Structures are given as structure tokens and as C-alpha cells.
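Step one of this worksheet: look at the structure below.
Naming follows writing order (A, B, C and D), and every chain is counted from residue 1.
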Amino acid sequence: MNEKPTSRTRETLQILLANRLAVVGLCVLALLVVVGVIGEAVAPYGINDIDIANRLTGPSGAHWFGTDELGRDVFTRVLVAARVSLQVGFIAVGFALAVGVPVGLVAGYYRGTIDAVLMRIMDVLFSFPAILLAIAILAVLGPGIGNAMIAIGLVYTPIFARITRGSVLVVSEEVYIRAARSLGARDGRIILRHILPNVLAPIIVQTTLSLAFAILSEAALSFLGLGVQPPNPAWGRMLAEGRNFFQQAPWMGIFPGVAILVTVVAFNFVGDGLRDALDPKQKSVIESRGQSV
Amino acid sequence: MRAFLIKRIFQMLLALIGVSIVVFALMHLVPGDPVRVALGTRFDQDLYDSLRADLGLDRPLAQQYVSWLGGALTGDLGVSFRNGQPVTQLILERLPATITLAMAALFIALLVALPAGIISAVRSGTGLDYAVSAASQIGISLPDFWAGVMYILLFSLTLGWFPSSGYTQIGDGIGEWIRHIILPAMTVGLISGSIITRFVRSAVLEALNQHYVITARAKGLSEWQVVRRHVLPNAWIPIVTVVGLQLGFLLGGVVVVEVIFAWPGLGRLALTAVKDRDFTVLQGSVLYIAFMFLVINLLVDVIYARLDPRVRVS
Amino acid sequence: MNDAILEVRDLTVRFGTKRGVAHVVNGISYTINRGETLAIVGESGSGKSVGVLALMGLLPQPPALVTGSVRYHGRELLDLPPREWRSIRGKGMAMIFQDPMASLNPVRTIGYQLIEPMEHHLRLKGKAAQNRATDLLDLVGIPSPKERLKNYPHQMSGGMRQRVMIAMGLACDPDVLVADEATTALDVTTQAQIVELVGRLQEKIGMAVIWITHDLGVVAGIADRVHVMYGGRFMEQASVDNLFATPRHPYTRALLGSIPKPGKERPAKLMTIAGMPPDPVLMPAGCPFAPRCAHADGARCDDTIPQMESLGGTHGAACHYPLEAKS
Amino acid sequence: MTAKMRWSIIILMIACTFTAFAGGRGESTKTDDAATAVEMSDTSILIAAQGSEPDQLDPHKTSAYASFQVLENVYDTLVQPAEDLSMEPALAESWEISDDNLTWTFMLRDGVRFHNGRELVAEDVVYSFQRVIDEGLNGWRFGAVESMSAPDDSTVVISLKQPSPNLLVSIAGFKGMAIVPREIVENGSIGTNPVGTGPFRFVSRSPDEGIVLEKNPDYWRADEGFPKLEGIRFVQIPDAGTKLTALRTGEVHWIDAVPPQDIESLAAESGITVGRVPGGDYHYFALNQNRAPFDDARVRRALAMAIDRDVIAEAAQFGAATANQTAIPASNAAWYFDYAPYRAADVDGAKALLEQAGVSDLSIQFLVTSDFPETVTQAQVIAAQLAAIGVTVEINDVDFSTWLDLQGKGEFDAFILSWIGNIDPDDFYYAQHHSTGGFNFQGYANSEVDRLLDAGRVETDQAARRALYDQAAKLIVDDASYIYLYNPDNINAWRGDVQGYATRGDNAIRFVEASLQ
């Protein structure tokens, strides 16, 4: 039993690494993390180096991605924004995981009233229009990147609660869980040691997909003027600002847009790869597996 | 089935009350209030207090909520703080635009997603499959406002095919209606369509991997017959879920696209209400949006039962 | 022989995989005659299922590559355009599968699925099709068949579902019925009933049956002739009596030893075959069974593939060192 | 298609038609009137695009510029600002001032009718002014008024507590002082169905048609041939880029603002006119003088010194603005005060002042709002400029409602905003810098400035009055109560077929003389 998770992890990893697209995605994400860490140090300019005389100039040797409406270096800002955008993604989804998964575990394990109460609360959150919920939360908490992350995270919480609960309901019926229960193991131990490892697969897959969407949510909030505080660059905010200059300076929007695209696609590649690697259903269908997805 | 429906409707009402409490609480936690906004940059404490009293905003929160709920139960959602119009009227005025956009967007989404998803599943692993996957990845990764701005620049400004903004009623001429709706519907529809495509593909792929597909092939059916008669009926079940979810989102108004295309939908109404702290309008519109969402969910469950005989019986 | 319905010659199936080419079926040949029952026996992974899927034309190409010859009433199937092959599949040649739950479409009624091949091949519609479907269900021993047509698969038991599958196979009066592990998923009592049913129907209708199984016990009850398959090749072929009485291939012997024989005195210890079946991507150059064979010589067996050779009559074995007839 | 699928689709369709029906019912209540507007000959209906949504249409209650864009064309005031911003007759044909400057008598124009057909009488003026005072929002403008009366149907008499040289601007400077008929107040329709005396009458308002106005054939300038347009439709297009595209493609005739970066290219485009005049608006930032160290004028002055207004103006307005260290623009010749004590980007001077004040490691949080995006740009440029003197700027970008709340509660280090449409120096300085002023959120208190501003209110001699304000302005600028940045140009744009429209210095949107060719 103790061995099982490790061997399964290794197997999952092998399948994942055999998936070319997933590997590409992983490499891109690794590169982004590196850029996020060292971006500010290696960037050729400061993020707020304003130079009105050289505003809206196209890509050149001095400014690889051109300059924006205040003459700031777009390349620098795209680099530095990697950290902000990734932070938004990771912290927002981390928040959703930290709240949603325990709710799902408890609801699915104990069922009954506690399940009904928790899941109704999640229904309320879920049926709330996402962007309005985020806007309202931001209005309460005040704007800023931290609060934006919480707001986006809260929007994704019910999704994780639902997915976790659904898997817990299935897993709880397994013989080994019932056995553990009948042997008098403590609930907390059963949930953490036996149930959680067996419901991780769908959660992991959802995590990567939500990461992609969280980065897009930052863009939408920025468009409505509620995202990251200026002059800090985030891709979404840059894109939102760039749209007003699309005719004069398309590079202002194109480069952050491409950054978002690449990141979101990378997360999706990894997510798809993980799903293929983790989903036992697809593994069992060997006959038609020759065609890899 | 009836017991199931009753239970679901009861749960729905609970959720609606929950939503209304959340909106109420949230809005009163937010800094700023409608009176402050109405006064503009000028501030005068006495004037402020008296206007708040006029609107009943000086009463305890619980009391405000109860009186609002009382009204809501009789269909009276109150009056906008901002422009004095009844909230019900404001919402109803915007319903046709919201619904037509949602339907048109869903139509485009399905028009794209069903063939693309099915073909890419049936031809999985081929170049076509990769092309569809790549296109849907881009569709998902493109922020809606960006796509919208691109379409406006291309189809309105450069080509002059469609107007960039506004809404006309279908009764005022179908041609104009289509010309106005096509860009916003395309913006939303292609994004929704990209999401749905992925679900269609995986649902069809999953169904294609089932043994009964081999059974069907063994009967001598052609591949298309197999897909049509055996694969799709099973794939519909997960597809309906995601389509329902998308429709729920769409009927709630698509804030960003409504802003870009000056579309008089509910999303903009709610957004303006948030910005202006127009509590009654926000409460009313969020309640409606949540209601739509829950109704669609319920509908999806009913359709489930129609699609899947195993659910129907139990 | 004029009675030959199906002649399979040198059938080979390979798959392109990421690790390399998988040699799943490596040149198998057999003939099946009218009214005859042929059993193909082997462990899972021996290629027996892929072999019949290939002759039904149910393997997607690519990734599969099927070569050799399959003649149905003298007509070469492997060269047939897909459309013509489809007109034979389900009509002249029908197939039933291992898991009757998974093999029936959960969202279609029994009647729909049963009538489908009739509509497709016989242009039978409406009342006529209904009647035939009812008759078929009756034939396979399903009580109140008319009502059952409206049922969904999940409303029936496993045995019932397999009967439905058989009825579906019989829908267009095939002359070959391929049963791929048709009893594996069923409990022992039901297994016996299904075996008995197929035997009875075969007598009545006169079709040939190819019975794919890993269960020698089932073979004993139903087959006329048996082919033992391993590593994508036939190891031994014989009449059912001969095979059980005098297995000549070490693999067959090992296989027989690994099943408890009901009725007979229980052997002192149940034999198991040490080692793993060969990896289709890394097929041994010689006899596929050599790595696990107690009798392998370590030279010829590892280098040269033994050919099927007659050991008298229809009994043959592909072994460099066939065992003596006495066991 | 299978039976089951068909079934699902039918369920969906029923649901949709149900909701659509519910919607259709709601909207039909609204468009009965609009139908007549649509039937009007389309060729002479001007479509005007606004960037934001008017709130209510009660001129006395709204503070939204978008509402005034519409109401400008529906209502009249007693007198009104002319193009040169002097006050010209409107509903009052003439007026007289008593020798003691305490009694103003207005003679109303004959035969003016409200859109509901009723004739305007002097009592309507008194009623409207009384309502403005009671409603509170603009009541402060009547601070000098002792009493009002209507001795006969065409005479309005206003008695003052003290001389008020700027009375005309106070009581008629913009449509917040509109003359309204009592009946629409009493029946409660003033917020949704305004009835005025202006060149256009209100027809309908709906989310899809916008606000529809039609020609008032009985307008008091009808004998001059005004208004020329058959009607106006105000549509709301919140996105600036879309609004611009709508003008370029001819979907609308007129737009209320042009993104600064597009002015140049738009002006060069044939078939489009960009109206651009130096405006009375000004942009500024203010420091919270109730918080240390901003209570120290040296600190404020240091900041005023460190910035480069030309760069800020160029950055935020792409040159469509004039840097100014005081509030009143040069275009307002009567009151312009040429005073510029601060050298641009005087880093050394600023550092020295900070040192004198004993301030180091200064960090300022700037309150800005994306609802007025130029404030965000200005803050970013200011942040970069202040970095040169070692001051850190943190930008707090909130929505305008929150902005107002924080400003009202005094919870800010500094805020950036702009004032629009002022004419008289009293409007520019009193409420903002008098220690009792209603907009003095920065907490400026200078008794000399108070004295000068009070005196300016009652000084009837133009030259003397001007001297008072010049002195006050000098003190305000020296104390850096506000740190003025620039006066932006007022910009509208319209298609070539719009004639007779001009962008105005007070930002009022008047279509009375406009026509479509």
C-alpha cells in the first residue's frame, strides 16, 4: 500500500514524459518560472523607465518588442510580467485548492447534512456570475494583485469542491476504504492517507486547466480596470492597455498576447497529458490506443 | 422523476436565497454607496445623511434585507438608486438583447464545435485532429476583449461588413439584426465553441473507445453510421453538461463583450450597478443571472434523464 | 474441401507503436468448414483476439498492418474495398464479444440493436423486423421476448445480455460466428448454458463457429478442432480429443497442466508456467515459447522458428522437439 | 437525429421562448414611443455616441456629465454661456441690476412653451430655483440669494444678501440650473421623462435605441430656423475604441471624445472633423494636508517643482493640452493669470526643499481611478518623475465609487482628478481652496486666501475682482494646495455631413444649430 503511490507516480511520469506535447508544455512552464525568477534582473530596462520622446516605437535593436505609450520597453515589461501573471495563476488556484479540496473531502466523506450544507454554499458561489463575483470581492477587499488572486481563487473554489466530492463518493465505496473504516481507523487518517491520494488525479488535471483560466481572468479584470496595480506589468493589463493602441502600436498588445497564449496553451498541454497519464479509463482501452492523442 | 424535480427546485430556491444574501452582504461591505456616487465629488455630511435616509439605507442591514426579500417574493425588486426606474423593468428591457446574443453565440459555438469535435475525435491522431486542437487552444487562450477588438478592426473598420456596435430588435428587420449580432456572437461563440470542441472531442473519443462500437462495426455498419447511431447518443451526455454550463454563463450576460460592442445586455447592467453601487439593480440582476444558471442546470439534469436510460429508471 | 467457408492463410498483424513494430499475429493459417467448431486457445496477449478482429476487418489500419490471405467462400477479403467488406461483416460473418455489458450500447434498446443488422443487411423493417427479433430472442431462450425488445441492457442480467449478443450475431443467418471469449465474463452456470446454447444453435442452423478462449475447459465442451496459440503463432493443432489425450507441444502440455481438471483426480500440484509471454515488440528470433520451455535446447530453439508439422492426421505441432504421444 | 435528441432540443426551445417572451413583454412597454421616432425621416436624425451611460434625467439631481450631454439639448436656463463663455440671454431676454447690486430683475422671453405645451411663466423659474436649493446638490450656488419672487408672469426678481458679480454663472452656468415645469416633478416623471423648453424634446429611452429626442417645433429660436435637425439619438458606447470605429464607419455622426492618441490620425481622415478647442477643464493632484508631511508647504512645493508638466501633458493627452501651473486656462482671457513659479523638473530645487523640511524616504500613495484612465497615466509619469528626487509613489487604482468614498473620508495621501466646465474664478477656487469650501478635501486652510476669495465674491468692479483672484491664485499655487498640471483641449469629432456644430470651451454639447447635409 505504501509502495503503490510511488510506483504509480513513476508510471504517470513515464506516460507524461512520453507525451511530446506535455513535455513541450512542461519545458515552456519551466522556462516561464525561470523568467519569473530572474526576469527583473536580466531585463534591459526598468519597468517604469518612462521615455515619452520614444513612445510607441516599433521593435528595434534597442527595444526588441518596441515601446508602449509611455516609452517603456515592452520586452522588459513582458519579462517582468511573467512573474506577476504566474503568481496570479498559482496563488489564485492555490487558494481554490486550499479551500475547495477540503470542502469536497469533508462533504464527500461524511455526506448527510454537512454535505448538503457545504455543497449548497458551493452552489451559491458557482451560480454567482464569476466576473461579477470577482468584481464585488475586489471592491470589498480593495484592488491589488493579492486581492485579485483571492477573488479569482474564490471563483474557482466550487469547481474543486465539486470534483473532489464526486471522486470521494466513488472512492469511499472501495473495499479498502470500507476495510479501513471497519478496522476503526480515524477519519482524518482515512481521508488523508487513503482517500486523498486516490482522488488526486482529477484534481491535478483541473488544476492545470484552472491555472490557464486564472491567467485569462486576470486579463478580463484588467480590461475592466480591476487587475494588477500600475505601473506593475501583468500580461492581461498590458494587453488591455495595448488594445487602445492597436493601430498605432500593435506590438504593445501582440507580445503580451502571445505570452498569454503560450502560457495557457502550455498549461493545457500539461493538463491534457496528465489526464491521459492519470485517467485509468483511457489506459484500459489498449486496442485503439495505437493512435496517441 | 417528480420527487427529483421537487427536490431540485427546493434546492434551487435555497441557493437563490443564498445568492441574494451574499450579494446583499457583499454590496454593503463595499466602500462607497449610491448616495456618495450621486453626489459626485461634492461632499456634505448633512445632505448625505438625509439622502441615505430617503433611500432607507440608514436602517439596520437585516431590516433592509428582509424588506427587500419581501418585495422580491411578490415580484417587486425595488427601484434603481441611480435612475429611479423599477429594477424589474431594467432587467426585462435587457433580456431580449441578452437572450438573442446568448442564443446566437451558442448557435455559432455548436456550429463550430460539433463538427470540429466529432471529426477530430473520429480522425484522432491525424493532421486534421491536430489542426482542430490547435485552433481550439488558440480560441480558449484568446482573451475575449482582444478577439472582439480584432474583429471590429477587421470586419467593421477595414472591410466594412458589419457594424461595430449596437443592437437592433429582430422585429426591426432580420438583416440588420444579423449584421449587428454577428460580431459579438462570433466573439463569444468562438470562445465557447473552442471549449465545447474539446469536450465534444473527448466525449466522442471516449465513446469511440467503448466495446459497443466494435459490436456496431461488427454488424457491418459504416463508420459514419457507427458514429451517428452509437457513438453520438452516448457522447451527448457529457456534451449536454458543458453546453448547459456555457449557456448558463451566456444567459448571465457576457460583461466584457457587451462593453466592447455596446451591447445592451444584463452583464453591462450589472457591471454599471457594481460600479455605481446601485444595490437594488445589482441584487436584482445577480438574482436573475443565478436563477437562469440554476434553471439551465435543472434543465440539463432533465435532459440527462432523457438521454440516459440508466438515469431515467433510478 | 468444398465445404470450406473460411480459409485463413499466413495471416500477419503488426502494429506500429512508439517503441517499435509489435508483431502480434505472425502468420497463422486455418480453414473452417460448414457446421464445424474451431477453438483457438491461448493466454491473454497471445494474439488470438487480434487474429479474429483482423479477419473480421475490425482492426483500424493504421496503426495495424494486416497481411496474408483471408478467403470467405473463396473470395479474398483483405483486398476488398471497405464497402464490400461491410456487406459481409454482420451478415455472412458475425461476431460476439467477451463483455456483454460493455458490448451493448447502454442508451439503445435491445430491440434497436437487434434490428439494426437486419435493417442494414436484409432491408427488413417495421413489423417484419420486430417479428424476427422476437423470434431470435425466443430462439436464444429469453422469456417474454416481445417485451424485452423495449428493455435497455442495464435492465438485464449478464447471461441474458450474452444471449442478446448471440441473437444479434444470428440476426442475418451468418455462416461463420466468431465468439471472442464469449463466456469469460459470466459465472460458471451461465457459461455452461451459453456453451450449450451455441452448440444447439449450431446444429440447428448449420453455421461454423470460431471460438476464442483461454479456457480449455470450455473448449472441451464445444470444439471439434483446437488451435493453441502463443506469441502470435499456432503452437499445436488437433482434434479436441487428440489434444487433450496426447498434447505434443510443451506449451500445450503446460497449459493443460495449469488447469484443474474437474472430474479427474486432482494432480499433485497445479503446474504454472514460469516466466512471461513474449513482448510483441521484442519477439524472440526462434520459438516464441523457448524462453519459458523446459525442453528448449538453448540453440536451435532460440534461433529457428519451428514450422507447423503434421504428426499424423490433422494433428500438428510447431516444435523442434515435439513430445512423445504418451503423456 | 434521434428521438431523444429532438426531445432535448424541444425542452431547450421551450425554455428559450419562455424567457424571450418574458423579455419581449418587458421591452414593449418601452418602445411604443420610440416607434414614432424611428418613423421620422432618418436622414436628419443625428446619432451621437456617448462614452458613458446617463443615470437619471433629472437635471437637478444628476451629477453625471453623460446626463448633461443629453439634457443640454432638452432644457434651458435663465441665461446661458455664449461661445466666448460670457453670459447671453436665454429664457431671460434681459436683466437689470439695482444700484446697490442686491436686486436682479429678469425679464422673461414671451411665448416660450414647455414641451408639454404649457407656457413658461416666471413662477416656473422661482419653483425650479427653489427646487435646486432644496435638492441640495447644487443649492450652494445660491448661497448669495436672499429671496426670489415672480411679481408677474414674465418677471423674476432675485434679492441678494450681498453683491454677487458672478450670479449669472452661478444660477445659469450649466443645465443643473435648468428651468423645469412643476407638473413633471409632482407626477414623479422628471427622472425618466424630462420636459423642458429646449430645442429638442424627449421621446424615449431604451437600452437598445438609446435616448431619442425629436425636434421641438415651438422652440423659441424657431423663427431663426433652429433647431434644424429632426431629432437626435444618443447611443452609449462604453469602449473608446469601438466608439471611434463607429464614427469612422459612419454608424454614428458624432462622438463625445477621441482617445488622445487617435486625434492626429482622425483629424487627417477625410470626411471627419475633429473639433478641438482649449477647454476650461484642468487636471491637478492634491496632497492630504491633514497628514504629515504633506501639511508642510515645502514638501508640497518640492513635489510641484520636481514634476515636468509638459511631459505629463504629452504623455496623458498626446499634446492636446497646455501645461499650466494655475487653474484658469489662457483661453479664458478675462480671468487668466500668467503665473508659473516652478521650473520644470527642478530636481535640485525639490531635493533642497525636502531637505529643509527634514523629509527623506518619502513614500506617497496616489489615489487614481481607471474610470478616468488619464489619472492612471498621469500617476505613472509622476511616479517616474518623483523617483528622481527619491520619492516613492505607490499607485492605488480603484473604481470611482471607492475613490469618492476614500476621498470623502480623507483616506488618501494624494489624489489626482480633473475639474470640468468652470467659467468664473469663483468656480475655480472657492469651493476647492476656501477653508470652508465644499470640495476642499485636501484640507487647505489659509486665512489670507479665505479673505481674498470671500472678497472676490462680492467685488463688483471687474478689475478689482480680477486683482483679488490673481492674489489668491498666487498663494494657492505657492502653497501647492492643488498642484496644477495642465488644461486639456476639449475634443469632439463628427462626420463631414454634420454642419453647424462647434466644440465648446465649457464642454456643453449643443446641437441646436447643427444640421445634417
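Operating definition for what follows: a residue touches a chain if its C-beta (ideal position, glycine included) is under 8 Å from a C-beta of that chain, and two chains touch if they have at least 3 such contacts.
Only a predicted model underlies this, so the values are computations on that prediction, with no experimental measurement involved.
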- Message: Starting at chain C, how many touching-chain steps does it take at least to reach chain D?
- Response: 2
- Which chain is in the middle, if each chain's centre is the mean of its C-alpha atoms? B
- Looking at every pair of chains, which two share the most C-beta contact pairs? B-D
- Centre-to-centre on C-alpha atoms, which chain is most distant from chain A? C
- Please report how many Å separate the Cα centroid of chain B from that of chain D, as a whole number. 36
- Note on the structure: Distance between the CA centroids of chain B and chain C (whole Å) is 53
- Query: So, what's the distance in Å between the C-alpha centres of chain D and chain A?
  - Reply: 44
- Message: Between chain A and chain C, what distance separates the C-alpha centroids? Give it in angstrom.
- Response: 49
- Message: Can you pull out the residues of chain B that are in contact with at least two other chains?
- Response: 30-32, 149, 153, 214, 233, 259, 274, 307
- Task: For chain A, jot down the residues that touch at least 2 other chains.
- Result: 139, 142, 224, 243, 246-247, 287-288, 291-292
- Residues in chain C with touches to at least two other chains are numbered 53, 107
- Task: Within their complex, state which residues of chain D touch chain A.
- Result: 240-241, 259, 261-262, 265, 311, 314-315, 369-371, 373, 376-377, 379-381, 383-384, 387, 394-399, 401-402
- Query: Okay, in this complex, where on chain A does chain D touch?
  - Reply: 48-50, 52, 55-56, 69-70, 139, 142-143, 224-226, 229-231, 243-248
- Query: Which of the residues in chain A end up touching chain B in this complex?
  - Reply: 120-121, 123-132, 135-137, 139-140, 142, 212, 216, 219-220, 223-224, 236, 239-240, 243, 246-247, 253, 257, 260-261, 264-265, 268, 281-282, 285, 287-288, 291-293
- Counting only contacts in the complex, chain B reaches chain A at residues 11, 14-15, 18-19, 22-23, 26-27, 29-32, 124-125, 137-138, 140-146, 149, 153, 205-206, 208-209, 214, 249, 252-253, 255-256, 259, 267, 270-271, 274, 282, 286, 289-290, 293-294, 297
- Message: Can you tell me which positions in chain D touch chain B when the two form their complex?
- Response: 2, 4-5, 7-8, 11-12, 15-16, 19-20, 22-27, 29-31, 38, 53-58, 61-64, 136-137, 140, 191-192, 206-208, 235-239, 241-243, 245-246, 248-249, 251, 371, 399-408, 417, 431, 438-439, 441
